[in-house]
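Each of the two complexes below includes chain A, the first together with chain B, the second together with chain C.
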Partner chain A sequence: MIGRAAHRALIAALFLFLLAPVVLVIPMSFSADAFLVWPPSGFSLRWYTAMWRETKLMEAARNSILLACLVCAATLVLAMPAALVLARGRFRGREALVALLTAPLLLPTIVLALALLILFVGYGLIGSWPGLLLAHLLVALPYGIRVLMTAVSTLPPAVEEAASSLGAAPWRVFRRITLPLMLPGVAATAAIVFLVSFDEVVISLFVVGPELTTLPVAMFRYVESRTDPLVAAVSALLVLLTLSIVIVLERAVGLGRALGK
Partner chain B sequence: MAGTALVLEGLTKRYGTLAPAVDALSLTVQPGEFIGLLGPSGCGKTTTLRMIGGLIEASGGRVLVDGRDVTALPPHRRDMGIVFQNYALFPHMDVAGNVAFGLEMRGMKRGEIAAKVEAALDLVRLGHLAKRRPKELSGGQQQRVALARALVIEPSVLLLDEPLSNLDAKLREEMRAEIQDIQRRLGITTIFVTHDQAEALAMCDRIAVMAQGRIAQLGTPHDIYEHPASEFVADFVGRSNRIAGHAADGRLNIGDLTIDAPAPVAPGPVTVMIRPHRIAFTAGGAGWNEVRGSVRRVTYVGDVLACEVTAGGAVFLVEQPTQPGVPPPEAGAEVCIAWRVADTLVFPRETA
Partner chain C sequence: MRLPGLLLGPALLVNLAIFIAPMANLAALSFHEARPSGGVGPGPTLATWASIAEDEYYVELVTGSIGVALGVTVLTLLAGYPLALFIHRAAPRWRNLLMVACISPLLVSAVVRTYGWMVILGDTGLVAAMLRFLGMAKPPRMVFNLTGVVIALVEILMPTMILCLLAGFGRLNASLEEAAASLGAPRWRVFTRVVLPLSLPGVLLGCLLAFVLTVSSFITPKLLGGGRVILLATEIYDQAIVTLNWPVAAALSVLSLAVFGLALLLYGRLLRVVEA
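Up next, the complex of A and B:
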């Protein structure tokens, strides 16, 4: 009995440790103080109203949302055929190709960032939309390919063959059978890739420019110069956004199933 | 009734360096004919069917439909209805949607589709389940949906991969008759894969018995059963006593017994095979083989009496319908058993 109680206490402590920063941010965002102090001396909504006037941050937020959507779309378009070929194909070097395409998942992000910086400077891509899109795609594609490959491999056997024997040409098989059956995987990919891009900070730090920046980078810059609870309010909204995406996904398709667990 | 002629010419499938799964298989199917592919598990039945349907590429050989070479055509341009061993229903569509799919692909009008789907579902007695999803159906019901889905497109060739394997005995019987009926009525050339010999014998115009990727024998059910071409076929189709013997002077020796062969036979070791129910407890006569032996074991199963009789060092299984007023022989009793010489199957023994 004691063992079990201790076990529970340990798990609770772990959760507390993992969630404390998130939990702390929320009361902090309602602070009435002008500085980040704990505990806040009073509560108000002043930082929630103040943040909308912070044009730099707001523009960065718009950029981040647009970027995440673009990355999402591009990833789906590129990763879908790749996943179909990689999960199904029986060709030499398949394993190697899978490893190569998903390798960036394992590489230290800082190394990627540095490499991109060197490459982008030469092509004038720093601080540009194409540069940012390319950089984020590099991080997002491996996730997309992985999750979609799982989705392909969990497709029921022979249904596509059945469809084609019933007279469906390949693209109709894809549209009527393959794609609908992969929808949970596609939704999961979209959500994960959106969050990966929206949350990306290390690589973004290297490739953003004065004219074009993303929300995490803008927040980072903000706290370098100011110490008011405004970023806490922004963070609280981000927590809300992330949570709602995850919940919607879980409700719609079951996140565990979509990830092939 | 037009019907489509289907010809397989030296059809071959190799997987890597293994022995070929299907080995230069040739078969000519008449228009509207119902052919059974019968054979043990792993003999290449499914592989053959999939090559005909275009689902896997043949390593060699050709498939001809009405004289036209379709070997290179993709499945959606072959007009063949396939019922898969594992059904392969579309899980995201209801039963009616599954059946309608092929018609939609043919660009048929809505109203027409609805009518055809309803008729097809009635045919397989699933009209009341049209709105169910496949996962809400039993195995047998799924199988019938698969059948309806393949039939509704009225394909020129119907390929059935063990379509009845999951049905209970009664439904199976009904579906057998139903498939035969539809097939006759529509005159669809049909290949029916099964490893159930009773099913093959009952349903098919001709049966191709397969072993190790080849056709061991092609013939009518009667041919296959009465005149098996090899020990393998005799053993696989129907049950047989299998007795080692020796041919000499045109007759057969089994231990100290000597019996007649139905046809001239080359001297040497042979396997003698006799169907258990063709042996009777009678004295023979002209054209019969008769042996005396003693009853070793009697199994009484109500309508059938199964007796093991030892004679000449061999054991003969005798199966006879039970008869009123005739008590079964006792174990240890001396009996006389006999069978027609014509029912004696003789095959040269494969010396390993």
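Up next, the complex of A and C:
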């Protein structure tokens, strides 16, 4: 019996450990203190009001939202046809192509970031919108292809075959049959790619410029120089955003399956 | 070009432009030398590689980073295994909720999670307050040193580890455990003889990912280490952004890729052993 209670306590402690940093930023964001002090001497909304006056962070947040939307759209346009071919096609070299297209996920982001920095400097892409979009595509595209491939491979091919045997052109089969059937998968891909781009920090850190930066980079720089509860307020909002996307994902396809594991 | 080629073309083109070309360029750059005046000299030369091989600082950097990564991997496995097993055995209606709770931190930015650890481990943070409450006059420092970095990395890598372990537990059959138990095996014996061996492929994959992700971790050592914890990734950043010595940064990148390659080789070997 004692063994059982100890086991329960261990599991509870491990859960607390895992969730503590994400959960604790929320009470900290209501701190009334000027520094990171636990327990806060009082609670207030001062950091939530101070946050909006931090123009650099707010501008970076706008950039990040716009960038994540652009990355989402570009990824879907590029990954959808590729995923259809790779999930359905039976040709030589298919697996090598999948490995090539998803390889950036396996490599250290810091190495990818450095490689992009060196190339981008030569083309004047540092701190530019096209540069940031391309840099984010490097990590977003592999995710997009992987999640969409899973979505395609769970579709019953018989429906599409029926449509084409009744004389529908390939584009029409895709638009009327395939796309509607895989809409949950597309939604999952869009949500994951949005988060990947919105949270991406290492690669962004190398390719942003003084005029154009993203929210995670601005937060990184802020935390590097100052430790006050302001970032806790921003973090609390980001945790809420993530939570709502997680709920949407879980409802649409199931989180475990969406992450392709 | 037939239809499949046309459909794959755009994605492959983008891959070539932002993955293959920059990586090849990076590898080539390690065979150049940084000029004292700044900029990169004409190559090819082995000077950069020679200077790294001779400098004890870099040798220690690589072995130190590998050591930290191994330590973090073992701790992540120890922390993740009981949780994953608990989730695997939970009743179906709880399992989904527990899994979402375990995996969702994966989707929260590394900056936010590292900041959360600063709130907990900082000099005026939660743990220090608790230790003071328990009567410790001067709690040990847990930020701006390796302790804090390791604690945070273990937590940050736990969701990945748990995902891999859960995939591995898929082969685990409750009836096998029951059979062993009904034949009189004590609980620890059922664990070491049935549960653990069957879960080894998942353990190996989780360890590979945890190791690889620690070697390439940057945000956590940079923020929680406060410049005092120097690992391969933070050194690559400093050389590239602060010192502006791109050839050295490129060579260190190639080195960390080599560490990755070795880890993958070892993983393949071990996987064949445990599956045999």
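In this text, the second predicted complex is superposed on the first by the 243 of 261 C-alpha atoms of A that agree within 3 Å, B and C clash if a C-alpha of one lies under 4 Å from a C-alpha of the other, contacts with A are read in each partner's own complex, and residues count from 1 in each chain.
The rule is short, and it goes like this: contacts are C-beta pairs under 8 Å (C-beta built on N, C-alpha and C of every residue); 3 or more make two chains touch, one makes a residue touch a chain.
Keep in mind that this is a model prediction, so the values were computed, not measured.
J.: Quick check on the superposition: with chain A as the shared anchor, is it clash or fit for chain B versus chain C?
T.: fit
J.: So in the superposed three-chain picture, is A:65 touching just chain B, just chain C, both, or none of them (first/second/both/neither)?
T.: neither
J.: May I ask you to decide whether A:181 touches chain B, chain C, both, or neither, giving the answer as first, second, both or neither?
T.: Once the two structures are laid over each other on A, A:181 reaches chain B alone.
J.: Go through the superposed model and pick first if A:201 touches only chain B, second if only chain C, both, or neither.
T.: After superposing on A, A:201 lies in contact with chain C but is clear of chain B.
J.: On the superposed three-chain arrangement, identify whether chain B or chain C touches more chain A residues.
T.: It is C that touches the greater number of chain A residues.
J.: Which partner does A:10 reach: the first (chain B), the second (chain C), both, or neither?
T.: After superposing on A, A:10 lies in contact with chain C but is clear of chain B.
J.: With both complexes overlaid on chain A, does A:76 touch chain B (first), chain C (second), both or neither?
T.: Neither partner.
J.: So after the superposition, what angle do chain B and chain C open up at chain A's Cα centre, nearest 10 degrees?
T.: So the angle at the centre of chain A is 100 degrees.
J.: Report for A:110: first if it touches chain B alone, second if chain C alone, otherwise both or neither.
T.: Second partner only.
J.: Does the superposition put A:237 against chain B (first), chain C (second), both, or neither?
T.: It touches nothing on chain B or chain C.
J.: Which partner does A:166 contact after superposing on A: first (chain B), second (chain C), both, neither?
T.: first
J.: What does the superposition give for the shortest Cα distance from chain B to chain C, in Å?
T.: So the smallest C-alpha gap separating chain B from chain C comes to 14 Å.
J.: Both chain B and chain C contact which residues of chain A?
T.: On chain A, the residues that contact chain B in one structure and chain C in the other are 170.
J.: What does chain B use to touch chain A in their complex?
T.: 53-55, 74-76, 78-82, 84, 86, 88-92, 101-102, 105-106, 149-150, 153
J.: Note which residues of chain A are touching chain B in the complex, please.
T.: Contacts found on chain A: 156-159, 161-170, 172-173, 176-177, 180-181.
J.: In the complex of these two chains, what residues of chain A are touching chain C?
T.: So the residues of chain A touching chain C come out as 7, 10-11, 14-15, 17-22, 24-25, 28, 35-39, 77-79, 81-82, 84-86, 89, 91, 97, 100-101, 103-104, 106-112, 114-119, 134-135, 137-138, 141, 145, 170, 195, 198-199, 201-202, 205-206, 216, 219-220, 223-224, 227, 231-232, 235, 238-239, 242-243, 245-246, 250, 254-256, 259, 261.
J.: In the complex of these two chains, what residues of chain C are touching chain A?
T.: 3-4, 6-8, 10-12, 14-15, 17-19, 21-23, 25-26, 29, 79, 82-83, 86, 96, 99-120, 122, 124-126, 128-129, 152, 155, 158-159, 163-164, 166-167, 212, 215-216, 218-219, 222-223, 233, 236-237, 240-241, 246, 249-250, 253, 256-257, 260
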